[in-house]
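Each of the next two complexes has subunit A plus one other chain: subunit B in the first, subunit C in the second.
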Partner chain A sequence: MSEKLNAKIPEGPLMEKWTRHKAAIRVVNPANKLKLDIIVVGTGLGGASAAASLGELGYNVKVFCISDSPRRAHSVAAQGGINAVKNYPNDNDSIYRLFHDTIKGGDYRSREANVYRLAEVSNLIIDQCVAQGVPFARDYGGLLDNRSFGGAQVSRTFYARGQTGQQLLLGAYASLNRAISKGQVKSYPRHEMLDLILIDGHANGIITRNLVTGEIERHSAHAVVIATGGYGNVFFLSTNAMNSNGSAVWQCYKKGAFFGNPGFEQIHPSCIPISGDQQSKLTLMSESLRNDGRVWVPKKKEDIEKLRNKQIKASQIPEEGRDYYLERRYPAFGNLVPRDVASRAAKERCDAGYGVNETGLAVFLDFSTAIQHLGKHVIEERYGNLFQMYEKIVDVNPYNEPMMIYPAIHYTMGGLWVDYNLQTTIPGLYAIGEANFSDHGGNRLGASALMQGLADGYFILPYTIGDYLAGKIQEKKTDTNHPAFEKAEKKINEKIAKLFAIKGIEPADYYHRLLGKIMWNYVGMSRNEAGLKKAIEDIRVLRDEFWKNVCVPGENNEFNQELEKALRVADFLEISELMAMDALNRKESCGGHFREEMQTEDGETKRDDQNFSYVSCWEHKDNDTHEMHKEPLNYEFVKLATRNYKD
Partner chain B sequence: MDFTLKIWRQANAKAKGKFEIYKISNISPDTSFLEMMDILNDKLVCEGRDPVAFDHDCREGICGMCSLYINGHAHGPDSDITTCQLHMRKFKNGETITVEPWRSRGFPVIKTWWLTAALSTRFCKPEGSFL
Partner chain C sequence: MVNRGAFDKILQAGGFVSVNTGGVPDGNAIPVAKEKADESMDAASCIGCGACVATCKNSSAMLFVASRVSSLALLPQGKVEAARRAKAMVAKMDELGFGSCTNTQACEAECPKGISITHIARLNREYLCAKLKD
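What follows is the complex of A and B.
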């Protein structure tokens, strides 16, 4: 094991680790906080909550994002909800149950101590957000309402219709604005981080590009926090926002931060199916819909034919002609199995020829039973905006006909490796939210990303970063004329000049689309050795093509969206290779990582705990090679078991 | 479907803008308006011309980045949506579509019709009054 890979998990019983750790780590007094600068990159739920909290604490914070306002970060699009263990429905929920569900949902590939802490602070998040005025849904008696998400048998998900992310982000953004108006946080919208600055091996600043003027700027600080979200857009078509990207994470990796589990991606079972080759993104239909929606395909092939030829409508197929395959295969969890399980089950039916649309890549998500039982108005209250979104895109009214859905790339469990303090292998560099690898193992449970982002930003990082900064109070601000800045800036200018100089024939999107196809075919829902090796070869060829033939029009010193895209696609063309390498290395199936060679007779994942109970931690080496280290996962409190959602 | 696009082009905030005409063909009715713009842009890039800049991010009607004035209506002819949710099936085959920036002081043009939302952000006061 590399000596840099010390997870710093505190001693003691699981329940006491976080409490003991908080008591043991150092704090910085208020006067000294004023002398310390922190850079936060990203303003999603992770970055906004961290920047607001650190600003309130009295540090000098600079916060950066790509959009014109922090509140437009990708987190705004989260629909379904956020988990916490308030146990309001009195259904026997507890910290331990959420902890256990998360470990199990992640197929036993996450760190116990981190996950327990996440479950422990989950309730604080709800209190914090209610205090900010986040309008969570309430029941008739006025109590906060809960709904169910996959992989849990209790209802623990707090929500604001189908717009939970937006409301939570507005809450965090309001707190951020308060800190901005007090002068504790300075906001840099439309600024993209292009490189990390290391001085004596410590993170001391970043280089950004002002997206309006093209100016390359230098920013120094005593610590840098990466909260730039996931890299799911490697697949071109995903549920992520168009500007979501992996570049900041990748640049940190190239500067020495280890990358944890790059091959763990989440494919979400319920997205609007692909309609044609002009499409630019896939729209999610929240998992919360599986509370009331039932997934099915017809039992008979002739019904499939008639559906595809538009001779009948789904609603005309009688009950006995329908195969509610999730309820059939997984009676205990039914429609609420975890995402990886639901996605593979949809693929299995479609591969067997039961796909319900012309492309054969869709299944039904049907609300007719719920509408009959509860009435249309209840469904409208719960999911009104999602139904409207569906109708606008597909031109079918889902109150009358079932939705059509198919799996799509949604989330990346992999990310920058962090220790218990959320610090990467580079001292002074922290990673929070989807950008880190930490809590979800091989598969994230629904409504747990928002929880993790806000846990990291409001309640964990503000404490753990103090321990590092306490050692920095004597350290002067880094001069941005330091040679490390000079060197990084020069390198970036050269890279940009090189992109313009190619003057090729294809736009960046062209390469991105092709990369997406390679990834979906070989590094997607189902992987095997030959396919992964082919993916690596194809990616290398495509990357060479890109650097020979991409066309970036315009100039650097202006608003130039093609340049932005080209820089991000250049990084995707490198990240993708590491993802495939990691997936190739892991010769077991676990969570969303399904290796065809490793499956049970009925097509379920087959883990290999003997050989793969570790986090794969990749290190960037000279000449763009990659070396893997292992962080062993020692399960002290949970007994490893085969996931079972059947009974 | 085929369309004629009449698009407002303006190099920067101070430059004088003007309409330019583009033809686009083979667009599926299920393609979204911004995807149609992507196709136009890819074509322009391949021809060595300057693509049309426009703001967008979530492409599902929640982030508030997209902001076009289409055929004289904010976000175009459909109701209760943002530009990114508009689909080409809402237009007639062969139609001429006029595309402009929002013309108001709160949303100044930076390039073509790409806007800063500085004003809308200012509505979102510290202490949490939500827009």
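What follows is the complex of A and C.
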């Protein structure tokens, strides 16, 4: 194990670790906070909550994002909800239960101490958001309402119609605005981080490109926080926002931060199926729909034929002709099995020839039973805007006919490796939100990303970063004329010049689309050794081709989205290789990582705890090679078991 | 290229509840009538796209400002400083050179989120009350 890989998990019983740790770490007094600068990159739930909280504490914060306003981070897309263990419904929820569900949902590949802390602070998040004026759904008595999400048998998900992410982000962004108005935070919208600056091995600043003027700028600080979200867009077609990317994480990786579990991706079972070759984005249908929606395909191949030829409608297929395959295979959890399980089950049916649309890549999500039992108005109140969105895109009314859904790439559990303090292997460099690897193991449970982003930003980082900064109060601000800035800026200018100089034929998107196909086919829902090896070769060839033949029009010193894309795609062409290498190394199936060689007789994932109970932590080496280290996962409190959603 | 930076500035003037992270009451400590919470949610669905300003003959940002003021004023958590908020946000809007509202309702017709101009009425009420108290 590399000596850098010290997870710094506090001693003591699980329930007391965080409390003890908080008592043990240092704090910075108010006068000294004023002398300390922090850079936060990203304004999603993680970045916005962190920047606001750190600003309120008195640090000088600079916050950066790609969009024109911090509020337009990808987090706004989240529909379904956010988990917490309030136990308001009295269904016997508890910190331990959420902790256990998360560990189990992640297929026993996450760190106990971090996950327990996440569950522990979850309730504070709801209180905080309510105080900010987030209009969560309420019942007639005026109290907060809950719904259920996959992988849980209790109702612990709080929601704001179908716009939970947007409402939570508005709350965090409002707090950020308040901090900005008080001069505690300075906001730099439309500034993209292009490199991390290290001085004596410590994170001391970043280089950004002003996306409007093209200007390359230098920013120094005593610590840098990466909150740039996930890298799911490596698949080209994903549910992520168009400008979600992996570049900042990759820059940190190349500067020495370890990358944890790069091969763990989440495929969401309910997206609107792909409808053509020109599509560039996929639309998610929230998991909350599986509260009331039942997933099925026809039992008989004749019905499939008729559906595909449009001779019948789904609603004409009688009850006995339907295979509610999730209820059949997983009686205990039914339609609310975790995402990886639901996705693979859909693939299994479609691969067997039961896909219900022309491409054979779709299954039904049906609300007729719920409408019968609860009435249309209840369903409308719960999911009205999702139904509207579906109808607008597909032109089918889901009140009358079932939705058609198919799995798509949604989330990356992998990310920058962080210790218990959320610090990467580079001192002074922190990673929060989807950008880090920490809490979700091999599969994330629904409604837990929003929880994790806000837990990190509001309640964990503001404490743990103080411990590091307490040692920096004597340290002067770093001069941006330092040679490290000089060197990094020069390298970036060269990279940009090189891209313009290629003057090839194909736009960056062309390569991105091809990369996406490689990834989906070989590093997607189902993986095997030969396929992963082929993916690695294909990616290398494509990367060479990109650097020979990409066309980047325009100039650097202007608003140039083609240049932005080319820079991001260049990084995706490298990240993808590491993802495939990681997936190749992990010769077991767990969570969303399904190795065909490792499955049970009935096609479920088969873990190998003997050999793979570790976080794979990759280190960038000279000549763009990668070395893997292991952080062993020692389960002290949970007994490892086979995930069972059947009974 | 659209620049909605002015919207950020208006919100920075007061579009928040003045609470720091931590030290807040339990989420269920203060019940909120469902109707109020729903109406607050209606207003909060504003995405800050700017279609209301673009379509208004006076380039007024009233619907945008109203949606935030109204959404917070409807909740007990936001009610506390509703008057101060309304004044500060309207002043900022004026300072930034947005036109005044002449009630043509073009904004409501254009709003992709269907935000109703009843929120403008609520903003006017909050604003007037605030001014009267001055």
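Keep in mind that, in the parts below, the second predicted complex is superposed on the first by the 647 of 647 C-alpha atoms of A that agree within 3 Å, B and C clash if a C-alpha of one lies under 4 Å from a C-alpha of the other, contacts with A are read in each partner's own complex, and residues count from 1 in each chain.
Operating definition for what follows: a residue touches a chain if its C-beta (ideal position, glycine included) is under 8 Å from a C-beta of that chain, and two chains touch if they have at least 3 such contacts.
Predicted model only: the values in this text are computed from it and were never measured.
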Which of subunit B and subunit C A:V212 touches, first, second, both or neither: both
Contacts of A:S181 with subunit B and subunit C, given as first, second, both or neither: both
Subunit B versus subunit C as contact partner of A:P462, first or second or both or neither: second
First (subunit B), second (subunit C), both or neither touched by A:Q132: both
Touched partner set for A:A160, first subunit B, second subunit C, both or neither: second
Touched partner set for A:V41, first subunit B, second subunit C, both or neither: neither
Partner chain in contact with A:V295 - subunit B first, subunit C second, else both or neither: neither
Contacts of A:S69 with subunit B and subunit C, given as first, second, both or neither: both
Touching partner for A:S53 - first (subunit B), second (subunit C), both, neither: second
Footprint overlap on subunit A, where subunit B in one structure and subunit C in the other make contact: 68-69, 71, 76, 132-133, 163, 166-167, 170, 173-175, 177-178, 180-181, 212, 559
Parts of subunit A lying in touch with subunit C, wherever the complex brings them together: 49, 52-53, 56, 68-71, 76, 86, 88, 123-124, 126-133, 135-144, 160-161, 163, 166-167, 170, 173-175, 177-178, 180-181, 187, 189, 212, 458-459, 462, 559
Touching residues on subunit B, where the partner in the complex is subunit A: 12, 27-28, 30-32, 34-36, 38-39, 41-42, 44-46, 48-51, 53, 55-65, 78, 80-81, 85, 87, 89, 110-111, 114-118, 120-121, 124-131
Partner subunit A, residues of subunit C touching it in the complex: 1-5, 7-8, 11-13, 15-22, 24-28, 30-34, 37-38, 40-41, 44-45, 47-48, 71-72, 75, 77-78
Subunit A residues touching subunit B - in the complex, by the definition given at the top: 67-69, 71-72, 74, 76-77, 132-133, 163, 165-167, 170-171, 173-175, 177-178, 180-181, 212, 241-243, 275-276, 278-281, 283-284, 388-389, 392-393, 395, 505-507, 509-510, 551, 553-554, 558-559, 561-562
